[in-house]
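Every chain is named by a letter (A, B, C, D and E) in the order it is written, and numbering of its residues begins at 1.
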Amino acid sequence: MENLNLEIITLITGIILVLIGIWGLLTQKNLIKIVIGFTLFNTGIHIIMVSIGYVKNRTAPIIDQSVNINDVGNSVVDPVPQALVLTAIVIGLGVTALMLTYVLKMYQKRKSLEINNYNDLKW
Amino acid sequence: MKEDFKKRTVISPEGKPIEIDPLKDYFSDAKPKVYKPGNPVIEKFANWARANSLWVLGFGTGCGAIEMRPLMTPRFDAYRYGIQWRPTPRQASVFVVSGYLSVKTLKRVVRTYEQMQNPKFVIALGSCTINGGMYWDSYNTINRLDQYMPVDVYIAGCMPRPESLLAGFEKLKTIIKEGRGEGANTYAEKFDWYKANQKKIIKDWDMPDYNW
Amino acid sequence: MVKNSLIFIVLIGFAVLLADLFVGFNGNTDLNTLANHYAVSGPEEVGSANLVTAVVVTYRGLDTLGEVTILFLAAAIVSFLLKVEAGASRNRKLRSTSEILDTASKILVPVIFLFGIYVFINGHLSPGGGFQGGAIIASGLVLMLLAQPAKEVGHKLITLVESISGISFVLIGVAGVLFAAGFLDNKLLSLGKFGTIFSAGVIPVIYIFVGLKVGAELSGIITNLQENQNEA
Amino acid sequence: MVGPIYIIAIALGTAFSLGFFKKANSNFSFAFMLFAMAFMTFISGQWLYAFLTQQQETIQIFTAGFKPPFSISLQMGLHESVFLSLINIIGLLAAIYLYDQLREKGVQMMMIFVLLFMGLNVVIMTRDIFNLFVFLEIASIATAGLIILDKSINATSAGFKYIIATAIISGILLIGIIAIYYFAGSLFINDIIKLNLIYVKGGAVAVFLVLIAIILELKPFPANGWALDVYEAAHPGIGAVISAASASAGIFVLAKILPIVGDPGYYIIGLIGIITFLGSNLLGLKQDKANRLLGYSSIGQIGLLLTIIGLTPYLGDKTLFIAFGVLISHALAKAGLFWLAGIINSEQIKGWAAIRRNPHLLVLMGTFIFALVGFPPFPSFFAKWELIMQLANNDKILWLALILIGSFIEGIYLFRWFGYAIKGENEDLPEFKIQWNKIIPVIVSALGLYAIGYYYSTLTGLAANLNYIPLLFIIFLYAIDFLPVYIKNTISIAGIGYYLYITFPDLEEFRLIFALIFLVGGIIILLAGYAKKGRRSGFYPLVMMMFAGLIGLIEANTTLEFFFAWEIMTIGSYFLIIRGKKSMTHALSYMLFSVGGAYLILAGFGLAHIGQSSYSLDILANVQSYAPIIFTLLAIGFMTKTASIGLHIWLPGAHAEAESDVSPMVSAILLKAGVFGLIVLMLKMGAQSFGSFDIYYALAWIGAITAVMGNMMAAFQEDAKRLLAYSSIGFLGYALFGLALMSHLGWLAAVSLSVVHFMFKTLLFLAIGGVVMRVKTKEMYKMGGLIKKMPFTFISVLMGIIVIAGVPPLTGFGGKWILYNAVLEKGWFLPAGAIFFAGIIAFLYCFRLIHAIFLGQLKDEHREVKEAPFWMLLPQYIILAVIMLFSAIPNSLLKPIGEAIMPYFSEGALEWQGNLAISNFGYWNGELIMYIVGGIFVVVFGWLWFMNRNAQEVKQFNIGYSAERPSLPETTHFAYNFFAPYKKALGFLVSPIISDFWEAVSEGIHAIADKIRRIYDGNAQTYVLHIIAFIVIFYLIAFGGSYGI
Amino acid sequence: MEFKNIGYALLTIFIVLNYGLILQGVVRKIGARVGRRYGIRWYQPYIDIIKNYAKRSTITHGVMFYIAPVFRLTGGIGLLLFMPVIFGSDIFGNFSFAGDLVLVLYFQFFGILGMALGAAESGHPYSAIGISRGLSQVTSFELPLTLGVLAVAMQYQTLNITEIVAAQQGGFMNWTIITNPFAAIAMLIAFLGAMGRSPFDVVLAPQEIPIGPPTEFQSGLLGVLQLNRAIFPAAKLILFMNLLFGGATNWAELILKTFLIYMWPVFVGTVFPRFRVDQSIRWFLTVPLIIGIIAIILI
């Protein structure tokens, strides 16, 4: 089990979160819970992203006292996934906000959070 | 009058109303013409042919009709005298009125007679056509046929046997050959008189005066 | 039940797919070329101590612009969808809050705001940045609205901040095209001395606008949601 | 030039600034937004211009002052500029279209709108894969915002489904991107391409995830329920944007990342594409909501595009040409249709009947429909042509077949819809208003289709020779549509006449003969047009379109020209047919058979091109492979127009319900196009057989059975025009039989019968048309006795039926005589027996036609009917004169035809001694027969007349009627079910097996479609499940068993 | 064509007309004798025709009604004149140089069609019913006839009737009926229908639809039709004689052969009762059709 490093654990956690998120998204009938399913899915992805960028035994890519300015290349983890995950989080935030807003609007119109009440459009 | 012969208004395809008078629009109202015999020589030849080609209208008006059928059988075989049956008045030349005539039948008989072409001949069969016979005081039969159309030959009897009929045809042949078979012309000449008689007895007169 | 088992089967398939994807993943031991370039040359080229900031704001500035735009879009859609129609009754039933919360919030909110501003101004030096700072500002607003539910937050102010900072961000980007090497070029301003507050070119400026903008956008979303809370 | 980066700057600046504006300034803010859109359009347009005309090189735009891969870079090249221009123009038009909505809903919507287009623009330009993701998200979120434009519950729930679905998809995309980053160490697409990730363990899956996510963004079947709901619920203006702009961008993105995947990707894309194309169109069949139907069609078109992209390896450098053609047609046409939907504002497609209150809108709708189906002169036509040619060349027969099947299914519902628009009930439908801002985009996109279509045709050297002059004439006629009918009629006649005059010297042989049928025939029939009053709106452009197609067929030298003309002719005739009363379903079946036939022709041409570089029609003579199949395909294609048995069901209704002077055009002239096609085909390809089975023998039997069945069905019709229509079917059976004989005499018979058929069918249709015009019914038993009211018409019908019956001395006999000789020469006696049997059956319907209409009892209502108008009679008598000429001097007709045949079949030609024709078997002197018969006739007549000169004229009820009298003409006229005993004996032969067959096919397909579409149950979770399952399934397909795509 | 041809043609017509009338009389006489009657006089048809011409009045329903008999008689005479009546005779070859067998086959319909038109104009429903039956029946027996004709034409490799007759010269073993029996049988069965005698005479059902199509014709118009009834069957007999029985080199042979051929429908007619139209159609399209197909296959 020596392979079971930090990044592997987080990666697997991320994958499991993704699967749990999808499972929730697909099986829950409550709109809010579906949104929660989505956020789990999203979070799982973010964790996967961060895991991918991790380099063993290194520190955050910020040049301060703990990082030798002349040996940055060998002391920090990959900054790119971190930058990407920042963007992804913000996008996820926007999407979640939109979902909740739509749910709110739907609830206002029909006073129901049951997803089966919203399939007038079909076929 | 039958409903169909009353005047009616229909709408034309263009949407205009059209007045229809069936009796005028659908029936010719021309009067019959008198056709004088032509050149005597030709006429004599023609009369010979007419006499030897008697096409009888197959119209059983009364009970006497039963006596006409045997004429076609091998026993009497009227064909050998040039007598044949025709199903349509258009092509027939002899009209055998076979027995009594109810008023209703008279109407049909008159109509049929008028549809035959000149020259045409009438044989009246049985006593009833002569004086009404046993029905002389009946409420709905006529007594004398010759008041309604010219009759060439009467064959008396009730019923006359087929032999009498053959004799009657032979008599008719003689009459035609002598040029006396001009019943059609007589009918045209005395048309008004015949019509008056017909109309007197036929109350529901709902047709043109002459049925072409 | 059939449906659930179907979902389960599909999910297993998906899990297999993900497993297949990462089966060869064994952790990194070294930076790849790209990351190495950022780590080694980043401080020099961009002048930002926070390498993530360097990547986010400069190298991948266009992404950030898009990111801000997404928030902006989300805010606009939320505001559009939840816009309370003019003339609709606004008498919301609000629970009164406790004195403690009210008082505490009055003390804390300015501090939170200040902290937020600190975070985005120092975005190029320390962990944090425009997004983080904006989020902190918005959290202050949440506290304020929790404490004083009846308080009307000026939408106009939010919009104004949002628009001005957004336009400024774009203008900085365009200025990069006009006066420097490209859109959102960092070297529009001098890089300054590495590790100080006035360094890293336009990064702090951009982060200020980003912070303001994110704060305003999140605030907009929050206030809109909040104003709708009893409408349902 | 203004740099592409300014598109972003302008769009963002505008979006952010819009926040300053208040609701009161909505006009100003709209103008501001519109300006931004216009400026974006301008930027992309000027780049496009530069690329097209000034050999501009592709440029890279670096951001942040660094080069990729360190920073994000954008690219501007020809392809980018094309897509940007297309998208931005659609955006600009959509903005104009949404003027009311955007103003009313406030600045937020304007921001969202601008940002959507900014997102799409960047998505196209960017070369960074993560940046691609970000801006795809912008576009998705903006779309989600636009969907809820009217805030209705349906729109909101559709928006929710959309967000959920796209969020899942983008999550997948994100996983893929991060994995790619992990494996490639770069986000710069150009770098990634170089790395060939699919050969890296895990990398292949990463690439697959990105690919499948992008495909899912394009809404492949069946993982696309959410998109359909969006199309249905969203405002049509938004639907247009999604369908036209977003989809175009998606396609571009796919093309952009495709090199990362490399060759194996083509297979997956092609597979998904064809499934989508077929599946979506199939489900569209059952759809009766207009917007949703457009959704199905959009997805179908995207499927086609995916297929094309997937087939890139086979299409080679033609891929771009094909894909652009399909895409541009799709984008403009679909946008136009969505915009029209917003104007009509009807949920159901039946409600589109309202559109014809404004005929110009109908023209626009027609433009879009025909562009979608791929008719000329639209870009899709050329694209489809090229696609089929290339596929055939690469021996991709299955793909070719599937694509044509899908296109055909799409045609079904589009034309059904169009049929409702032209012919549906529109009495009770609500009014609609046409606002300037809504109509301008529609007009622009229609004009754009024409312009691009023309431009497109110049791109292929092949299409450069296409003759557009007739089409310009059509446009001219459309422009003067407001003039009264006699002016337009004169102009049309003059136009045809002039065209004949200028082309006449170039024509020879069969081309000359058929040109004369088409053009002289057209002029003669058009003469009848003078009988019409008023404006006859829209008629003349359509007539001219049909004639343009017909003459195009004659003039065609290449397969493309031939097919182009064929399709033009189909359009024109379709409209002519659908103009008739109650002709909606008939026009639809006509169109479907035509489209189906056209696709067979297309496939045939495609296969014929295998291994040949030339496009001349002569390639048919040097076919390399599949010769019998090509022959069969083309023959069946042409036989849909000649309405051979099995393919005839469109004809009776179509011809019977058409207007009185259109029936002769479609029956007497149009059908000859099929004959002409068969002639060309047979001349070029010669004898063909499957193994030892002679195809021509089969054709002869088909012709014979067609003749028997057509004539027999004609005999049982109650409707006069339907009778004539079936008679046409029968007659073309003779022609087919004659052609199949492949001998001098067979062809002489076929061609002369074609000429004669043209004459008498024109004669009869015009005559019967005149009668129908007067009596206002087509049921023969409702007429009767019209000889006294319409004697001139009677004479032409009399002559017409004598010609049909083939009774000497008129010219119809000539054909029969030649056919007998040809049969004796060939020895195919059994089909010949059927042919002659059919000839006798022709008596039945001939007599019935003339008896039931002109003889017998005149009806009450018709007692004041007038003779047909002069202008209807004039063409009849012109033709009558020609018939008498040909009858009296048969070699005036037969000699030129014989000479035309001579170069191809010289064996067994007729020997002419004056008017005496001598064959190997017999002889025939038409002139002499005419004199003899005429002489006997005159003598007998004179004698009879002398004998009976004093005959008493009587009236119609003066008949010997068993001592009774008729009472009503209706009950006296024996005409209904006239051949009752015949029906009793042989009626089983004409039981509608074939229509039943086609109906069963149609119903079966519809039932399948109805079952399948139940998968779209309206639940967002189901849709997500579809997406995940789609990914998993294609993962299994791609990686199934072995590793690596 | 010269004017003397017209004279020859008139001669032919005269001979055939008289032959036809006498044949009619004789056949009816035979029919009567079979029924053990004395029967009509053999010259009765002459008297009937004269009688009809001697009618003084006529009615007409319109132009077509008037010229229908003309069509009919023209059809009959034309059919006769387009055939070589006597093989090897210039005089009685008539106008056979104008067209071949196909012309003759199709010219039959000239009269049928014209008659149908005229009868229909009378407006009489019975006429129309009769025509409906007649045309239906014609179509059905035409199919075996056509197959037979094709077989015969193929056998002799010509459509020229004179050549067909020439090929049959030299003894009865050369006649088509011997050399090509199936075709001949098919044609002879079709011939039954063409002659319109029992069992295929429901067209003229005398009492049901008073003699069918000509029900309204009378006087001179009927006379013309009667002329045709004499010429037309005779012409058809001559056609079949030419095709199947070796033609005739002189009038005596012609009269003998046609008389014997005529006995075929006469005897069949005397023995068999009437078919309904649908029955006769079915019958013609089964037995004779199959025989015809066999004939074709056997060529």
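Here is the rule we go by: contacts are C-beta pairs under 8 Å (C-beta built on N, C-alpha and C of every residue); 3 or more make two chains touch, one makes a residue touch a chain.
Note that the structure is a prediction, hence the values are computed from the model and not measured.
J.: If every step must land on a chain the current one touches, say how few steps get you from chain C to chain E.
T.: 2
J.: Among the other chains, which touch chain B and chain E together?
T.: The shared contacts of chain B and chain E, listed by label, come to D.
J.: Measuring between Cα centroids, which chain is at the maximum distance from chain B?
T.: C
J.: Between B-D and A-C, which chain pair shares more contacting C-beta pairs?
T.: Between the chain pairs B-D and A-C, A-C carries more contacts.
J.: Would you mind pulling out the distance in Å between where the CA atoms of chain D average out and where those of chain E do?
T.: 53
J.: With chain centres defined as C-alpha means, what is the inter-centre distance between chain A and chain B in Å?
T.: 113
J.: Compute the distance, rounded to whole Å, between the mean C-alpha positions of chain C and chain D.
T.: The separation of the two C-alpha centroids amounts to 54 Å.
J.: Multi-chain contacts in chain E: which residues touch at least two other chains?
T.: Within chain E, the residues that touch at least two other chains are 57-59, 210, 215-216, 219.
J.: Quick check on chain C: which residues sit in contact with 2+ other chains?
T.: 7, 11, 14, 18, 22, 25, 32, 34-35, 38, 59-60, 63, 66-67, 70, 73-74, 77, 81
J.: Can you list the residues of chain A that touch 2 or more other chains?
T.: 18, 22, 26-27, 52, 80, 84, 87, 91, 94-95, 98, 102, 105
J.: What are the touching chain pairs in this one?
T.: Those chain pairs satisfying the definition are A-C, A-D, B-D, B-E, C-D, D-E.
J.: If you look only at chain D, which of its residues touch chain B in the complex?
T.: Its residues touching chain B are 774-777, 860-865, 952-958, 960, 963-969.
J.: Within the complex, which stretch of chain D touches chain C?
T.: 3, 5-6, 8-9, 12-13, 15-20, 61-66, 69-72, 105-106, 108-109, 111-112, 115, 118-119, 122, 126, 128, 130-131, 134-135, 137-138, 141-142, 144-145, 148, 151, 156, 175, 179, 182, 185-187, 201-202, 205-206, 209, 1025, 1028-1029, 1031-1033, 1035-1036, 1039
J.: Okay, in this complex, where on chain A does chain D touch?
T.: 18, 22, 25-27, 31, 34, 38, 41-42, 45, 48-49, 52, 80-81, 84, 87-88, 91, 94-95, 98-99, 102-103, 105-106, 109-110, 115-116, 118-123
J.: Give every residue of chain D touching chain E within the complex, in rising order.
T.: 785, 787-788, 798, 801-802, 805-808, 813, 816-817, 820-821, 823-824, 827, 829-830, 832-833, 836-837, 840-841, 843-844, 846-847, 850-851, 855-857, 919-925, 928-929, 931-933, 936-937, 940-941, 944-945, 947-948, 950-954, 956-962, 966, 972-975, 978-982, 984-986
J.: List the residues on chain E that touch chain B in their complex, please.
T.: 32, 35-41, 44, 47-48, 50-51, 54-59, 206-207, 210-211, 215-219, 222
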